[in-house]
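Going by the order they are written in, the chains are A, B, C and D; count residues from 1 in each one.
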Amino acid sequence: MASIQLSGLAVPGIGVARLLMSCDDRRGVIAAVTTAVADTGGNVLDADQHADPEDGRFSMRLVFEGVKDRAKLEGILSSMNIGYRVRWEGSLPRVAILCSKQTHCVADLLWRASIGELPAEVTRVVSNHSDAQGLAESFGFGFDVFPVTAETKLAQEGKIIELLEEDGVELVVLARYMQVVSPEFIERFGGRVINIHHSFLPAFAGARPYHRAFDRGVKLIGATAHYVTQELDEGPIIAQQTAHVSHRDSVEDMIRKGRDLERVVLASAVRMHLEDRVLVDGCRTVVFE
Amino acid sequence: MASIQLSGLAVPGIGVARLLMSCDDRRGVIAAVTTAVADTGGNVLDADQHADPEDGRFSMRLVFEGVKDRAKLEGILSSMNIGYRVRWEGSLPRVAILCSKQTHCVADLLWRASIGELPAEVTRVVSNHSDAQGLAESFGFGFDVFPVTAETKLAQEGKIIELLEEDGVELVVLARYMQVVSPEFIERFGGRVINIHHSFLPAFAGARPYHRAFDRGVKLIGATAHYVTQELDEGPIIAQQTAHVSHRDSVEDMIRKGRDLERVVLASAVRMHLEDRVLVDGCRTVVFE
Amino acid sequence: MASIQLSGLAVPGIGVARLLMSCDDRRGVIAAVTTAVADTGGNVLDADQHADPEDGRFSMRLVFEGVKDRAKLEGILSSMNIGYRVRWEGSLPRVAILCSKQTHCVADLLWRASIGELPAEVTRVVSNHSDAQGLAESFGFGFDVFPVTAETKLAQEGKIIELLEEDGVELVVLARYMQVVSPEFIERFGGRVINIHHSFLPAFAGARPYHRAFDRGVKLIGATAHYVTQELDEGPIIAQQTAHVSHRDSVEDMIRKGRDLERVVLASAVRMHLEDRVLVDGCRTVVFE
Amino acid sequence: MASIQLSGLAVPGIGVARLLMSCDDRRGVIAAVTTAVADTGGNVLDADQHADPEDGRFSMRLVFEGVKDRAKLEGILSSMNIGYRVRWEGSLPRVAILCSKQTHCVADLLWRASIGELPAEVTRVVSNHSDAQGLAESFGFGFDVFPVTAETKLAQEGKIIELLEEDGVELVVLARYMQVVSPEFIERFGGRVINIHHSFLPAFAGARPYHRAFDRGVKLIGATAHYVTQELDEGPIIAQQTAHVSHRDSVEDMIRKGRDLERVVLASAVRMHLEDRVLVDGCRTVVFE
C-alpha cells in the first residue's frame, strides 16, 4: 500500500499520522512497530490491535504524532514484510458519491460533509437521474448526470470512471446507486467502493428487499454497508443495523423506516473507512472502532 | 376456535376474559362486537385492532370483565361468521417444554414460571438428553428423557405426543430442541408449537447458523421465535432480535451472546402467545403488544 | 377541541378522517363511538385504545373513511361528554420550525418535508441566527432571522408569535432552538410546542448535557422529544432513544453521535403528533404507534 | 497491584496471562511493555490501549502467552513507575454474591457459573432473606442468611465481611442486595464491589426508580452496573442499557421488563471485571471490550 494524505479533521492536531497494517501474527510485532515509531520521535495517541486465532492474521491501527523522520519510519516498515498504509497529515481524502432517484443517503452524506463531520473532500456527485441535482448544488457540490440504458450502460460507466480518476478519488460511495457496477469499475478503484444494501445481509440480497421482507413477515428490517466485490451483495460487511417493525408496518412504512437506517449505516461505514479503521481480511472486515 | 380457560396471572382480576378474533374486514364489526360485550354486561379493559390493507383481513383482541351471560356472548359471536377464541378466566394454560443439551432457554422459561412471570402451568420438560434434568427437578417440574436414534426417532416422538396429549397441553415450546419434529407432531398440536431459531431468519436457516454467520463476516447476530410449520424455519415469525458483534467475536463469543438473545426472544414469543396476543395470517403474524 | 383539517399524505385515500378522543372510562364507550361512525356511513381502517388503570382515563384513536354525514357524527360526539378532535381529510397541518446555530434537526425536518415524508406544510423557519438560512432557502422554505439579546428577547419573541399566528400554524417545533420560550408563547400555541432535549430526561436536564454526561462517565447518551411546558425540560415526553458510548468517546464524539439521535427522535415525535397519535394525560403521554 | 491468579476459562490455553496497566501517558510506553513481554518469551494474543486526551492517562490491557521468566517481566514492570496487575494462568477468581428477595440477578449469575460462562469460582451466596436459598443449593452453591434489622445491621455486616475474607473473595457482587453497605465494607474489598441499579443513572438514583420513571412518563427504562463508592449510586459506571416502554406499560410491566435488563447488564459488568477489562479513572471507567 502506498502512503496517502491524511485528513486534519478526523485526527485533530498538526503532525498526526495514522498507520494501518496487517501481517501473519508473530512474536514481537507490536514491540517492533511501536519501537520504530518511538525511535523516529513519535508518540502514540491511539492504538488498537487484533490477532485472529482462526487465520493467524495480526492487524494494527496506530495514531501517532511527532515523527520527525518519516522516510526512516517508512523504511523500517517496508523492511518488515507487512502490508501497511500510512496516512500522513495533509489534505482530505477525495470521495465521489454515486446515487439514483432516492436522495436520503446522498442528502445525509452531503449535509455531513457541509458541517465538517465527514473527514473527506467530496469531489462530485454522479447520478443516472437528476433528482439529487438541486440538493447537491445547494450544498455547493458539482453534479453530473449520466443517463443509462441497457445499450449505453458500459459506455456511460466508462465516462464516470474517467471523471473520477481525473478527480483522484480514493473512495467511491454508492449511495443507493441503482446500477450494478462492472468488474472493471471495481478493479479500477481497488476495491475502495462502498455500497449500502437495504436489508440485513445475507437475508434479502438482490432486488426489492423490503417487499420480500414484508412477504416473509419478518419483525426486523435492516441495512448493510459493504465493500463491493464481483459477487453482488457478497462483499465484506463494514456495518449493519436493524430496526423493529410490526404487523402495522406496510411495505411503504418499511421503506420509510429503512431510510433512517440506511443513511446512518452508510455514513458510519464511510467514516470508518476514511478514518483508516477498516481492514479487509477475506470476506470479513476488521473495524477498529 | 373453541373456548379455552384463562390465566388469572396474565390478566389480574376476577371475571376477566380475552377475545381474539379475525374476519374479512367489513363495516361495523368493531361496533357489533363491542356492543355485544356491553350488552352482556362487559366492560372493555384493553383493545387492539388491525385491518390489513393488503389482504383485507380484520383482527381484534379484546380484554374485558363483567360479562354476566357468557353463553349469550358466545352465541352472538358464533352467529357473526368470524374466527374467534374466548379465554374465560380460570386455570392456567398448560405448556410443555422440549429441549436438548443446551439449557439456557429451558432454564430461563422455568425460572420465569417459578416466579409467576409466565402465565402458564408447565406440565413437564421433555428431552432427548438428561442435561436439563437437575435444573427441571430443582424447580419442581417433571422431567422425561426420550433418547433418540435414527431408528427410534418416530417411535419416541409418538410416546412424547401421547404424554403431552394426556397432559392436555395447549402449547409446545421447542426450547433449543435439536430434533426436527414430524408433520404429525405439528398437526396434533394444531400449529401451537413455538420454536427458537438462533439466527435472524430468513438468514442462516438450518444448521450451524453462528458458524455460517462468522464465515460470512456479519456484524449482527440474531434470534427468531416462530410457529413451526412443515417447512423447516419457514413458519410465521412472532419475535426477532439482533445484537452487534465485531471482529473480536469468535464463533464461541457469538454462541455466548446468542444465548442471551435466544432466551429473551423465546420467552417474549411464548408470553405473547399465552396472553392471546398472536394471530397467524398466512406466513405472517399479527402481534398485539 | 375543534375540528381541524387533515393531511392526505399520512392517511392515504380520499375521505379518510382521524378521531382522537379521551374520557373517563365507562362501559360501552367503544361501542358507542364505533356505532356512530358506522351509522354515519363510516368504515374503520385503524383503531387503537388505551384504558389507564391508574387514573381511569380511556383514550382512543380511530381512522375511518366513508362518513357521509360529518355534522351528524360530530353532533353525536359532542353530546357524549368526551374530549375529542376530528381531523377531516383536507389540507396539511401548518408547522413552523425554530432553530439556532446547529442545523442537524432543521436540515432533517426540511429534507423530510421536501420528499413528502412529513405530513405537514412547513410555513417558515425562524432563527436567532442565520446559519440555517441557505439550507432553508435551498429547500424553498422561507427563513426569518430574529437576533436576540437579553434586552430584545421578549420583543423579538412577540414578533415571532405574531408571524406564526398569521401563518395559522398548528404546531411549533423547537429544533435545537437555544432560547427558553416565554410562558405566553407556550400558552398562545396551546401546548402544541415540541422541543428536542439532548439527553435522556430526567437525567441532564438544563444546559450542556453532553459535557455533564461525559463528566459522570455514563455509557449511554440519549435524546428526548417532549411538549414544552412552563417547567424547563419537565414537559410530557413523546419519544426517547439512547445510544452506546465508551471511554473512547470524547465530548465531541458524544455531540456528533447525539446529532444522529436527536434528529431521529424529534422527527419521530413530530410525525406522531401530526398523525394525531399523541394524547397528553397529565405529565405523561399516550402515543398510539 | 499485586499479581493474582488467572481464570483458565476466560482466556483458553495453557500459559496465558493478562496485564492491566495505567500511567501518565509518555513516549514509548507501548514499545517498552511489549518489548518486555517479547524479551521474556511472550507472544501477545490480544491488546487494547487508551490514551485519554483529557487527563493524560494511558491505559493498556495485554493478553499474552509463553512468558518463560515471570519474575523478570514483573521486575521490569515494577521498575517502570506504572500501576499494573498481572493475572497469571491458574485458579479462578473467587466471587461472592449478595442478594435479597428478588432472584432474577442471582439466578442468572449462578446459571452462568454453572455452565462455565462466568470465569469465576462463586464461593457462596449471602442474603438477608431466604428466597434464593433453594435456587443456590440446587446449583450446588452454599447459602447463608443474615437477617437484618436497624439494630443488627452493622453487626451482621461484620459477620459477612469476615466470611467473605475467609473465602478470599476478590469481587463482591450486589445482585439486587437491598441494603446499603457501610464505608468499611467498601474499603475492605478495595472498591471491588459491583452493584446493579435499576435505572439509567444518573436518572432515578435512590429508591423506587420504576415508580418514579412511571410517574415521570419516560419512554425508556434502564439498568446500570457500577462500582460501589461511599456516595450512593454515584460510583464509576461499568455498563448501562435501556429498553423501550410505552403508555401500555404499568409499573409492574416496567419491573418485569427491567428484570431482563438488570440481569444482562450486571452479568456483563461482572464478566468485564473478571476478564480484567475494567480500569477505574476517577468517576469514569475504561472498559476494554
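Everything below uses one rule, namely that a contact is a pair of C-beta atoms (placed from the backbone, for glycine too) under 8 Å apart; a residue touches a chain by one contact, two chains touch by 3 or more.
This one's a predicted model, so the numbers in the text were calculated from it and none came from an experiment.
The chain with its C-alpha centre at the largest distance from the centre of subunit C is D.
Subunit B maps onto subunit C through a rotation of 180 degrees [Cα fit, steps of 5, range 0 to 180]. Distance between chain centres (mean CA atoms), subunit A to subunit D: 37 Å. Our note on geometry: subunit A versus subunit B, Cα centroid distance of 42 Å, whole angstroms. Shared interface positions of subunit C, defined as residues touching 2 or more other chains, are 50, 53, 248, 289. Listing the residues of subunit D that touch subunit C in their complex gives 50, 52-54, 200-204, 215-220, 222, 236-242, 246-248, 250, 281-287, 289. Touching subunit C in their complex are the following residues of subunit A: 103-104, 107, 111, 115, 117, 134-135, 138-139, 248, 256, 259-260, 264, 289. Those residues of subunit B that touch subunit C in the complex are listed here as 25, 27-28, 30-31, 34-35, 37-38, 42-51, 53, 66.
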